[in-house]
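First the structure, in the form of structure tokens, and then the observations on it.
Going in written order, the chains are labelled A, B, C, D, E and F, and every chain counts its residues from 1.
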Amino acid sequence: MTYTASVVGGSGFTGGELLRLLAGHPEFEVVQATSRSKTNKTVGHAHPNLRNLDLRFSSPEELESVDVLFAATPHGISMESIDRFRDAADTVVDLSADFRLSSESRYDEWYDGHERPELLAESVYALPELNREQLPGADLIAAGGCNATATIVGLLPLVEEEILTGDEQVVVDVKVGSSEGGAGGGEASSHPERSGVVRPYAPTGHRHEAEIEEFLGLDVSFTVHAVDMIRGASATCHLFPGEPVSKSDLWQAYRGRYADEPFVDIVAGGGGVYRYPEPKSVAGSNRAEVGFELDASNKRVVAFSAIDNMMKGSAGQAVHAANIALGLEETKGLELTGFHPVGAP
Amino acid sequence: MADTVTAEDPITGEEIEVPADVEVGEIIDSPVTGAELEVISVDPVELEEAPELEEDWGE
Amino acid sequence: MTYTASVVGGSGFTGGELLRLLAGHPEFEVVQATSRSKTNKTVGHAHPNLRNLDLRFSSPEELESVDVLFAATPHGISMESIDRFRDAADTVVDLSADFRLSSESRYDEWYDGHERPELLAESVYALPELNREQLPGADLIAAGGCNATATIVGLLPLVEEEILTGDEQVVVDVKVGSSEGGAGGGEASSHPERSGVVRPYAPTGHRHEAEIEEFLGLDVSFTVHAVDMIRGASATCHLFPGEPVSKSDLWQAYRGRYADEPFVDIVAGGGGVYRYPEPKSVAGSNRAEVGFELDASNKRVVAFSAIDNMMKGSAGQAVHAANIALGLEETKGLELTGFHPVGAP
Amino acid sequence: MTYTASVVGGSGFTGGELLRLLAGHPEFEVVQATSRSKTNKTVGHAHPNLRNLDLRFSSPEELESVDVLFAATPHGISMESIDRFRDAADTVVDLSADFRLSSESRYDEWYDGHERPELLAESVYALPELNREQLPGADLIAAGGCNATATIVGLLPLVEEEILTGDEQVVVDVKVGSSEGGAGGGEASSHPERSGVVRPYAPTGHRHEAEIEEFLGLDVSFTVHAVDMIRGASATCHLFPGEPVSKSDLWQAYRGRYADEPFVDIVAGGGGVYRYPEPKSVAGSNRAEVGFELDASNKRVVAFSAIDNMMKGSAGQAVHAANIALGLEETKGLELTGFHPVGAP
Amino acid sequence: MTYTASVVGGSGFTGGELLRLLAGHPEFEVVQATSRSKTNKTVGHAHPNLRNLDLRFSSPEELESVDVLFAATPHGISMESIDRFRDAADTVVDLSADFRLSSESRYDEWYDGHERPELLAESVYALPELNREQLPGADLIAAGGCNATATIVGLLPLVEEEILTGDEQVVVDVKVGSSEGGAGGGEASSHPERSGVVRPYAPTGHRHEAEIEEFLGLDVSFTVHAVDMIRGASATCHLFPGEPVSKSDLWQAYRGRYADEPFVDIVAGGGGVYRYPEPKSVAGSNRAEVGFELDASNKRVVAFSAIDNMMKGSAGQAVHAANIALGLEETKGLELTGFHPVGAP
Amino acid sequence: MADTVTAEDPITGEEIEVPADVEVGEIIDSPVTGAELEVISVDPVELEEAPELEEDWGE
């Protein structure tokens, strides 16, 4: 059986990635992609990789009836439009932060007033590694933030194995590519200003802390740097477990947790050029790489993780969750291999 | 060069030079800290840290 | 039916790309990948995108019997090893320049002495857009050079429509990424030296001229620049047709020639950010983009083309040709969409 | 003696470079830098390299009286404001295209109506290698276009030595960095879209052809590509001289022409990593590199040139010309050495 | 008075930068630059920015007598050659790690056996912000490590103001460019592999920790990532002071410490594109930028610092220290302004 | 600085300075053209354009 799908915000970056994935997905048929600024233009006009897709953007005001509606719009749009979205589709998968948190009070702590707070309890956070059992049948799904996803995937085994108990200081130093900013872009994301940067763009107070706190139960010290790549988010977590931990404890924690996960690979030392998680290794794929190193001298564990923010960090995660929600094989449409070599992906 | 007057930097407390022709509500930057400062009065010039506009800044 | 395949030179760049393609190809099963320097290491050791491929490099001295052997070795190795290759496999697809030209004299003009010149007449140049009808059943196939491929694909309609007759001066100014140099790399391809370059690396005398001459029947003035990308070859051809030509003549020539080609798209003006062929638009895919513009003032046609040198320019072309040689559907295993956004791919 | 100077358009890219140069110039004192959008902000707010410059932007409506006014504003502003500029300053150096061409008819051929055509005959084109003797005492100076400068410097010896007579087809294939677009920047120059490109951004009809035509007396076939660097313009000129020419003829032409030029170096072959002109080699300096190669097989000369568009291609050229106009030592304030290594400068 | 100088290791990256600085320094005359692999070649052969320097590399076996010898050789060479260096020169400035630490025991903790341990007590660590008073008259000077320099400069005010007392956990997450690896370069630093990376290249155990420990008296948790730039080192220090600290405490600590330092600027918030320290802002200059942000929610201070590893992180620091050692004005030859815009510098 | 002698640049014909201690077969570069030159005799020093080693140069 084929499901019909629409992408609201189809001219944006994550919207384009959704279109790429859905167009190649054997169980989905894309019937609509919206754009206000590019209405009636072909999808290829915005996304040159999709020149052969026979589809034109239409207005988000006139939504087709579909099985699944993916919303890839800026913060705040989905909560405003949610009734229209649910009228149009049985299942709504939202990529924004609008439905990620579970309560109004948590939302207000980090954001600025929710229009439909009653839906927060109803929506399901998408990340399957965390939430797989809650997804089947879910009809309002919130894909996680890219930096939050990188961090959660990197730390989850340590939390579940109680190597981290929640009392420790955990520093999370994130490096991200420019596609995180979306297709808009102002002066700070112009090529001359954004190339070659190591820019502390969220020194403190990044809103993805809220998700990490909620889903890992950890207060983390979070800092995000913009670096010169386009796709990719890499989280380096520095932590100081209360109890001594060995490298074999770490291997066991990560292997135990992720052995059966189709999209998580452990990369922790070894030879060759790629010894720890790197955004380059996963670019274009839905894989997350996680790894770690032990700093015996100061009892530190360094946990690394890397994802493609367009994939595991947004569109890929959304499709993964939709697969589970609909009862499809999880990896359907997501068996995409990354590249080697690949530049600043 | 343009005329200047002095005002107190609201962050460091140091005296700084600001253009004489600033107007209330104008945003200038501190030559000491680089921080954006809002002109809240002009005679004498008083300054206050301007609220950050995170949205505008990349990502 | 599934064909078995091996990749000689599997630890190199084009070898890695072949492994990526063959691993995802429904009709191929990879049984061997060779490397002398990484014997017994996993394929993922060299190619981090292929960490999940359960295969280790073995010695090129001990070749398994397979249906198809792909050779992705430096210039000169295939001609030396060709008997062993053909003993091991029914079909040999070579990615080097060893079997591209059709005669010893042409070879000697550009290279330095062929060890098995008698095979030159027997081998078939892979580029399907040029050579489709000669490929079925071919058992010695030579994939074209990446810069030659970009140029040939860009100029072919002009030659076939006799807008170019062979008497005109044709300037071909090519820009290429660093993966063209292969995985070796010396000082000139180190990151500090190679980043940000516009380097005239083959000002004149590039050997791909030989292929262009042979297969297009054109003497071209060929100059290659290294620029800051990893994948990608872009050819800008400047030409001055003897007879006046209109934009609609050009559209007709290109549309006529390529309408039915599964891997060639025409991009010639229009709106948005991507108006002409660009390596970014095709990165990771087997597509070639071709396009043109008319300079009325000086009667010049500028023809553009862009490919991913790892794909259409080598491994993708090789698999495409193998598909045809074996009677498979041409596009099998090659229906890969590119990315948007993507950096320096 | 010290000259006072102002920079109109001081918050832009070439304006910032002028401020950098003038602040370090022993004979100039900067008294004003204008910006409408950043009025009253420090210069360091726009240009982080100039944090230590004790200067705030002021309005272009209130110009201080100075010896030299540099205008670094978009096309069309200088011609509108020229009377105010000349009231404020004895010498005006304009970086835009407004006063480059010598007659209204030539201007109208390429642009769209000049407001003060009578000044075109009066203004002096800045490029000292071409125009040194006309600069002393000039009070309206038009700095050349960056791509025109690269091309003119690369071809000048061939024209003066009559290796090129004006009848030949000359193809000029230019590669430029993103700072050419100025500080504004739209979607096409956002980091995700502009990174890693080889983009034919002016396939034909680039307005710098007008300057080349006027000052070299050559009709050229001109195509400009955007590539992944920030500073830099590189011109590759392909030409087919009527008479046979030898490498030693070329050396003599270039050496003869440029031996005494303080800012032009010949780089034509040799060993090491940097064998021909490259933007990286000149980044941050006012140097131009020029070079050539001979393609015996098709009687082609390939001439290369590389400049930093912010320097030799705009601000450096402007200061160079001002030095000459004022009777200062030519190289004053411009003895800046480039870097090695340097990335995408 | 002019001092004569030689650069041992003149063909390398820091050696080239020393030559650039010394050639432009009014008080130095370079009389020798050594290279074993490029003996008798011009300096411009290795460093294209120095094409106009009239100097050829000579053998390090035949050292000229000079006032100051700068050694820019790999780890271990200076300790072997120190007697020959001191015979040839009154003052030796070494850029390697050979003479940075103060005792054999500390050296052995991090490195592998010192050949001349007795000199460790005698040598002076170069960093003037830390060590200014010990430099006048020093004749064996050890320039600091680039990552150590970035870290020390970033944390020094916090240590001196006792915001950090030595008991706190301090996480230092460093991002560096590819020139740190020197001109050699293997597979991991080839352009295709090194472009676009966020690579944890020293997850733990980086030797620069030794210098930080020694000169700041702090045990830090140190992790270094390779990112896609060429020049630049950026340190992000996450720390949790025992006592509450306010933003104005931080401003006072940094202002108090650095107000009079010619090469340190504080950048901590504010508007525009460049709000915190960034390698791009200091590229090509000897400046360090330092800054901070306060994370009230988890009582964290984040301290940022950014330098150009070729300048403040090696050659610039060496010349700065030599200026002080010889009694010259400190900033002589180092008044170089950075660039805007600049790419991946 | 090291002793030098003069020799004729084989490309431009100009006199150039070369180190006195060069040996036959050594490759040096011309300070005029940057081209690689092979020392073919030493007393006097005679130079010849060295063959290009394309292979070594990137791609």
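Basically, a contact is a pair of C-beta atoms (placed from the backbone, for glycine too) under 8 Å apart; a residue touches a chain by one contact, two chains touch by 3 or more.
To keep track of the chains, here are their UniProt names: B, F = Lysine biosynthesis protein LysW.
Bear in mind that the values here come from a model prediction, so they are computed numbers and not experimental data.
Farthest chain from chain C (centres taken as the mean of C-alpha atoms): B. Among the remaining chains, B is positioned farthest from chain F, on the basis of C-alpha centroids. Counting C-beta pairs in contact across B-E and across E-F gives the higher total for B-E. Between the CA-based centres of chain C and chain E the separation comes to 45 Å, rounded to the whole angstrom.
Rounded to whole angstrom, the centroid-to-centroid distance between chain D and chain F, based on C-alpha atoms, equals 35 Å. Chain C and chain F have CA centres that are 39 Å apart.
With touch defined as above, residues shared between interfaces to two or more other chains in chain D number as follows: 13, 41, 45, 51, 177, 179, 183, 187, 192, 195-196, 228-230, 267, 270-275, 278, 280, 341-345. For chain F, the set of residues touching two or more other chains reads 27, 29, 34, 57-58. Residue ranges of chain C in contact with chain A, taken from their complex: 13, 16-17, 20, 23-24, 41, 45-52, 177, 179, 183, 229-231, 265, 267, 270-274, 278, 280-282, 284-285, 310, 335, 337-345.
In the complex of the two chains, the chain F residues touching chain E come out as 1-2, 18-19, 21-22, 26-29, 31, 34.
Those residues of chain C that touch chain D in the complex are listed here as 169, 171, 173, 175, 187-188, 192-193, 195-200, 203-205, 219, 221, 223, 225, 227-229, 232, 234, 236, 238, 240, 273-280, 293-295, 297-298, 300, 302, 304, 306, 341-345. Interface residues of chain E, counted against chain F in their complex, comprise 31-32, 40-42, 44-45, 51, 54-56, 58, 64. On chain E, the positions that touch chain B within their shared complex are 247-248, 251-252, 255, 266-273, 275.
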